[in-house]
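Here you go, one structure.
All chains are identified by letter, namely A, B, C, D and E, in their written order; residue positions are counted from 1 within each chain.
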Amino acid sequence: MSRVTEFIFRRRGGRGWHWTDAFTWFWLIGGFVMMFGPAIWLVNSSFKSPAALAEFPPTILPYVTAAATVEGHEKPLPLYEVTQPDGSTKVLAEVRRVGTVAQMVDPAVPGETVRVNIQDRKPVREVAFAVTNYVQPFLSFDFFRYLRNSVFVTVMATIITLLTNSMAAFALSKYNFRGRSFVMLIIIATLMVPLSVILVPLYSAITAMGLSNSLWGVILPTVATPTGVFMLRQYMLTIPDELIDAARMDKASEWQIYWRIILPLTAPALAVLAIFSVVWRWNDFLWPLIVLTRRELFTLQIALNTYAGETNIQWHFLLAMTVVTMIPVVLVFVFLQRFITTGIAGAGLK
Amino acid sequence: MTVSSPRRVLSGAGAILMAPVALVARLLDPPLSALQRVGGTNGMAAFFLLPNMAVFGIFVLFPLVINIIYSMTGGTALFLTDRTFVGAAQYQRLFDCRSYVDPKSCTDDLFWTAVWNTAGFVVVQVVFMVVVALVTALVLNRDLKARSFWRAVFFFPVLLSPVVVGLVWRWILQRQGLLNFGLYELGLTPVNWLVERNWAFAAAVGVSIWAHVGFYALILLAGLQAIPKDLYEAAEMDGTRPARVFWRITLPLLAPNLLVVLVLVLIRAVQIFDEVYVLTGGGPGTATLYLTQYIYEVGFASFLRNPGLASAASILMGAVLIVLTLFQLGIARRNEMRGKR
Amino acid sequence: GDVRVMWYSDGVEGEVIKDLLDRFMKENPGINVILDDVGYKVVQEQLPVELEAGRGPDIARVTNLKTLADHWLDLTPHIADPAYWQANFGDQFDWMRPDGSKIIPGFMTQLTLTGGFANKTLFEQAGVEIPGADATWDEWVEAAGKVQESQQLNAAIAIDRSGHRISAPIVSYGGNYIGPDRMPAPIDEGVKTFARKLVEWTETGRMNKETWVSAAGTTYRAGIDDFINAQVAYYYSGSWQIAALSSKIGDAFDWVATGSPCGTEACTGLPGGAALVGIKYTQNPEEVGKVMDYLASEAVVKEFTERTLFLPAHKSVAAGALDFKTDDANVKGALDVFVKATGQVHPNANALPAWKWATPIYGVLVTRISQVMAGELSIDDAFVRIDEDIKAQVEAAQ
Amino acid sequence: MSRITLTDVSRAYGQVKVLHDINLDIQDGELIVFVGPSGCGKSTLLRLIAGLDRPTRGKIAINGQDVTRVAAADRGLAMVFQSYALYPHMSVRQNLAFGLENARMPKPEIEQRIAEAARMLEIEPYLDRRPGQLSGGQRQRVAIGRAIVRNPTAFLLDEPLSNLDAELRISTRAELAALHERLSATMIYVTHDQIEAMTLADRIVVLRAGRIEQVGTPLDLYNKPANLFVAGFIGAPRMNFLPAAVFPGSAGATIGIRPQHLRRADDGESTLKAKVMLIEQLGSETVVHGDADGHRLLAVLPGQQGLETGEEVMLAYDEENLHIFDENGLRAD
Amino acid sequence: MSRITLTDVSRAYGQVKVLHDINLDIQDGELIVFVGPSGCGKSTLLRLIAGLDRPTRGKIAINGQDVTRVAAADRGLAMVFQSYALYPHMSVRQNLAFGLENARMPKPEIEQRIAEAARMLEIEPYLDRRPGQLSGGQRQRVAIGRAIVRNPTAFLLDEPLSNLDAELRISTRAELAALHERLSATMIYVTHDQIEAMTLADRIVVLRAGRIEQVGTPLDLYNKPANLFVAGFIGAPRMNFLPAAVFPGSAGATIGIRPQHLRRADDGESTLKAKVMLIEQLGSETVVHGDADGHRLLAVLPGQQGLETGEEVMLAYDEENLHIFDENGLRAD
């Protein structure tokens, strides 16, 4: 069943290809490569050993040098493909390397050692996932406590954000009162204030209220985001005023109009804001870093930062945990994006 | 559709989650109705604004005002009480120039370098970001199979923290990165992307588009979906070609959301920092040194902070932003007036 | 009572300290030590804000020793044997206390020293002799340049993009930042000489452009990856890289630490390191003293050093035999070289960690020199700017 | 139970004055119908009474109490919107229940009222659909239902039956009349349908360009239209207007006669001669468009008349059915 | 110029079958009217013809060419939407011009067409307003105008006059008829208005629950309804149905007689006796709701009759006006 009219550009007549169809696929495939490619690579990288991560040129899949256990040697020996003087190649295991010469053995004939110039050998590599990148942090890292903190911050902040922002947006889109433009102006003007600009006074305010080293200190300053108010207000402008009239005739209180009429009809925009809020709060770094110094209060992002030292960043752990921390937001996105569907605000009108 | 389809289950879960919220909302009604009787219908506007404005006042406006005072103080101390009042000295330093278009002639050459770099970045970024976001939203708005999947594809980078974004692209773009490796394999000449001025600039723009376009596309998508279907039907009956449908129906009706995107893109372009910082570090030379990095370095990163100077610079930046945004809003308002239904 | 320790890690030292503290708590059941393992950024950017607000942990591992010196606790009344402290850590106390003060604020958990690393295998393959201990920078660059050409490397040498790193060679070339009034002096010939060399090496391709050019301001960039991937023959960084080099290079090639190349005046490295300090605002100074005493005790320092592969700051530990816990032969050799090099540090270099203006100058040098490398600024303009920048910093801080 | 009084009510949109000094006293329990050409201000007037809009000037009182500044929700009225304004995200059932829930009515009673309204409006099969899934007429019935279930003291109905088919319209009209009877609720009803206006109204208000032209009972208006406008507006097809000269011995300037009052002449009657221009067969009657001396003339003749275009017909009338108007268009008797 | 042929067209929304195997052949230049109860599928059928929706089964051809999968834009039809669907962001003028600009018509001609349509629909004063600033009827006229200006080969009109006042409705109806004449365009017209249907239609299609009940000329349907449903649906007020037993010597199961075909009896006529339950005075005629032996009976009597509720009246009829239906509700003669 083709719901033709949902197209902006529609497949004209349903037969043959319109240029917009071709373009759509071009964009989707291109988008997939461009947007998703690096992300996939990121995930692959999270399975690389520190050495492989530092490697030039980077590989797409995680590789390690293959190794074989050879009789007479305790540890597995790395395997190399050796070009022999006659030009043929052979896989040998390296016992040790001294300068430019490697001492190697044929795993099949463990007894005799061959000397090979290191320029004549190439490591035999195989794909191997460094699962330790994931396992290690789970063992040494208080993962579930950080997760709980992150979830608390994200959920509370998102709920409060949605509530306060949608209330303000409702007031700013559906009421005529003096000073409306002024309020709107202030809100938008403060959109421009980067957090770093007000960091210090903000920290003073939080400290004065006794909210430093408290999760609420992380949550509260973020919930009045002008972005949300602005976005919701613009969306609400598209809801016909007649519905509000109808509700008033139905003796609905203003609160009920907000709650029963406006909110459901704003669902698509709320879903967008919810997604953003979750992503923002989940990934928030700078502000929680300032407010939280006690480990038991750390959010995941702050905890992850532990892997960033002064001179050395443990990318292998950092990437692995980044991937893990991404999973919840991906799920949230998948859940919420279903609400970004056809707005129906006009459907009740003649 | 079977009863136990995952979709049903999900929305069922949603309903259960919503139940307590709905209860609270219902409990709130009697007191709020009483409030409404006292304050009148329009008085409720104040009530709806209150929570947001309270948080806003404490956590945004108040610090902002403090920040203005900050910019008139000097020294390295962090807390206002420990700082010395210097009046407009910080601003004087920033504005001490023989010619504003030539940063080299300024006392604070890096500030002006950052100003002009930022201006260039903003112009290019805003145009490309809006266009790419719009095209993406239009494509995603079509009746696609596996729509959620495609949405997720374009939104995915938004989930990544800026540091990871910068890092991943650094790995791709650095001299011995994935891209050059690919070029090399294809027999093309590798380019030192992050050391050539123009390429580094393109990379900064491109990567920040990559990282954020999903965000704006999503806003636009919600807006697109809100356009009543019957208008498209009417347009179709009017024999409208797709391009014209876009210009005459879609775009004007998308205007409120487009405005959101435009304002946000502009603001965020002016504030660009994290991912570019990780990607290019402001280089090559100072080619991608943007205002926020300047402010960050002056105010936080160097061992001898100069928070007063950073505040002054940030306030100048904010002032410019406000002017730009008001300009945008002014245009939008005129259109809105004409478009009032 | 509770003792909170703010700690950051570059490698395994977080786990080591946790072990040690667990042991301590078993022995001292009354004291609950909480280890807040944080990112370096917290220590660098957030701790100062807290300290200014008169709060913070009880103990912290910090690198910004001098600027924040006002916030450190004087441990003297709280530790068992101040003389032991003075004897073993005394040389570095001035790094972490206000000028002229005589307090004991804490101790260095490790020393660092800048120095070079050479890819021995590459040199061998190219048939180039590794320069000797008294080789100059020019000799090193020339030798590495030969390797570069013979092995078709991208560059000959790499130096971290850091003012700290280049200050060692600057001192070697006679540079001195500190004026007679202990305020920054205008930059001297030593600075200019080495700055010119850096620019020239970048222009001639001896140094990879991207490390220095592809960043602005004070941004730190390490050249380590090029060295790990055998893209350069010589890498100038510091002792703290040893563990990373070991784990990332593994068996790929042999490498050696070389100490610091010589200039006209010296062959010095630049010392540095992280200290564990008590915080003035603690509620439990007695307990803090106990914890510090424990961690500073010779056995503990020794174990910490051996397990972390750090250079010890403890006099008698350093003098004694150390059994570093590694089976990488390259590491042991390198550590020996660095331990030895600590003895050759030039006084001008030794003065820098205790000098409050050092870090601002590091930042200014990097900012401007890399602009010259990028072709945005002539070197002479850069020298003028450097002096102006430093002056502005001094003024702003008054 | 509401008596609604409008005093000097005006409303302008910017420069455009839409209502001019409306004075109207609607009795408690009265069913009053607003008619008037499209755009004359009927909906606007309704919105003012509802409280959805504020008059620019004038006063509105309910039961003697000034409600000009009282919010819509507090006026206790129910309204059927011309555009329906159904809540698109609610099912039909929820649409109907919404107002009742707001009044905190117990669930079972809500159920029962909805069931009753749904039966009456024949929308039972659609109770669980959303408005978007309904046909135009079905939506309109839901809109009516939403007002009905509330049992308000006064109804405001803006063309509530315009999208219904004849049969449904008649039955719904009857239901509304019955409802009016039963609740003795005041009803203000906007319609374009002559039959609706005539059959339902206690009084009809004829509006024109924002002014009241005449207020009276349906037969009053039909039999004694106060002016040419009302005469032309009430009654379908509209009244024929001819110069007085055409009627020998007549007073006034213009004479009006309704098409239904013309019949094919028997011998010796006072007659008009007309040439047949167009014939419309409606089944039960035939509409003849004629030309009488260059004047357009309509006649509605009973049954299916066998007439030909071009033919001449003699049309008779009774003197008492003539309406006489003076030069100003005002009724002359 | 379009001949439109529907073959076995069905349409379902999910489980709900809305149209069942519609077969219909609309001649070129014909004006065909769809009538039927609210929700019977008229709009849906129109949307299928327009190409805004696809049939679940069946074929649609225009001029013999299968267009089932052809996009709406390429079918060359114009449509008036029941919901108007005006472009909210464009002025009335722009709304009208839009379709013409799409066809790259020269500016002056666009101007001229708009002027003409605006005059015809009496919307000249509003040309520069936006739809949101118009009354319901004004909006509807703009919607009509948008279709008219295009001069298409076929029009689809979904209740285009429902929000217009009687006078405007009549004049617009006449304009549409003239337009149909002039352009000899095919018109498909949905209406609930009996008079509109009867006067405009070349043929009327009676729909019921997604099926065609009867297709024929207006008088055909009026005089010879094929079944009880059509008989009841066509003609207002609806036909009276009485058991055959009531009429002595009658065949069939049910006898129908139109209210207009009853008159007050003279002596010696075949009569029905009814008790007056309700009297509706329409001015030109009187509708009497009566009860004949427990059967509801409506009579439309000419003029203003002086009757009392409760009174008994004798009603006469002519045999030829009786409609006889068998047990299945089908016409018996």
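Going forward, a contact is a pair of C-beta atoms (placed from the backbone, for glycine too) under 8 Å apart; a residue touches a chain by one contact, two chains touch by 3 or more.
Which chain is which protein? Per UniProt: A = Sugar ABC transporter, permease; B = Transmembrane component of ABC transporter; D, E = ATP-binding component of ABC transporter.
Note that the structure is a prediction, hence the values are computed from the model and not measured.
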item: Shortest walk length in steps over touching chains, chain C through to chain E; value: 2
item: Least step count from chain B to chain E, where 1 means the two chains touch; value: 1
item: Middle chain, criterion being Cα centroid separation; value: B
item: Identity of the chain that, by mean CA position, is farthest from chain E; value: C
item: Gap in Å, rounded to a whole number, between the CA centres of chain C and chain A; value: 34
item: Distance between the centres, which are taken as Cα means, of chain E and chain D, whole angstrom; value: 20
item: Inter-centroid spacing, chain E versus chain A (mean Cα positions, whole Å); value: 59
item: Centroid spacing, where centroids are CA-atom means, of chain B and chain C in whole angstrom; value: 38
item: Junction residues of chain B - those touching two or more other chains; value: 41, 78-79, 176, 228, 230, 233, 236, 253, 300, 341
item: Junction residues of chain A - those touching two or more other chains; value: 2, 4-5, 10, 12, 56, 200, 204, 240, 248, 253, 256, 345-347, 349-350
item: Residues of chain D whose C-beta touches two or more other chains; value: 71, 73, 82-83, 136
item: Chain A-touching residues of chain B, taken from the complex the two chains share; value: 7, 10, 14, 25, 28-29, 32-33, 36, 41-42, 44-46, 48-49, 51-53, 55-56, 58-64, 66-67, 70, 78-80, 135-136, 138-139, 141-144, 148, 150-161, 163-164, 167-169, 171-172, 176-178, 180-181, 210, 214-215, 218-219, 221-230, 232-233, 236, 242, 245-246, 250, 253, 256-257, 259-260, 263-264, 267, 270-271, 273, 292, 295-296, 299-300, 307, 310-311, 314-315, 317-318, 321-322, 325-326, 329, 341
item: Parts of chain C lying in touch with chain B, wherever the complex brings them together; value: 45, 48-49, 52-53, 64, 67, 154, 208-210, 213-219, 221, 229, 231, 357, 359-360, 363, 367, 370-371, 373-376, 381, 385, 388, 392-393, 396-398
item: Chain C residues within the chain A interface of the complex; value: 4, 6, 8-11, 14-15, 34-42, 44-47, 49-50, 53, 55-57, 63, 120-121, 124-125, 222, 224-226, 228-229, 231, 238, 240-241, 243-244, 247-251, 254, 274
item: Contact set on chain A toward chain B in their complex; value: 2-10, 12, 18, 20, 23-24, 27-28, 31-32, 34-36, 38-39, 41-42, 45, 56-58, 60, 163-165, 167-168, 170-172, 175-177, 180, 183, 185-194, 196-198, 200-202, 204-205, 220-221, 223-224, 226-227, 229-231, 234-235, 237-238, 240, 248, 253-256, 258-259, 268-269, 271-272, 275-276, 279, 283, 285, 301, 315, 319, 322, 326, 329-330, 333-335, 337-338, 340-343, 345-347
item: Chain E residues within the chain D interface of the complex; value: 13, 35-39, 42-44, 82-83, 126, 133-138, 140-141, 158-159, 162-170, 192-195, 198-199, 218-219, 222-223, 232-238, 258, 260-261, 280-285, 287, 300, 302, 304
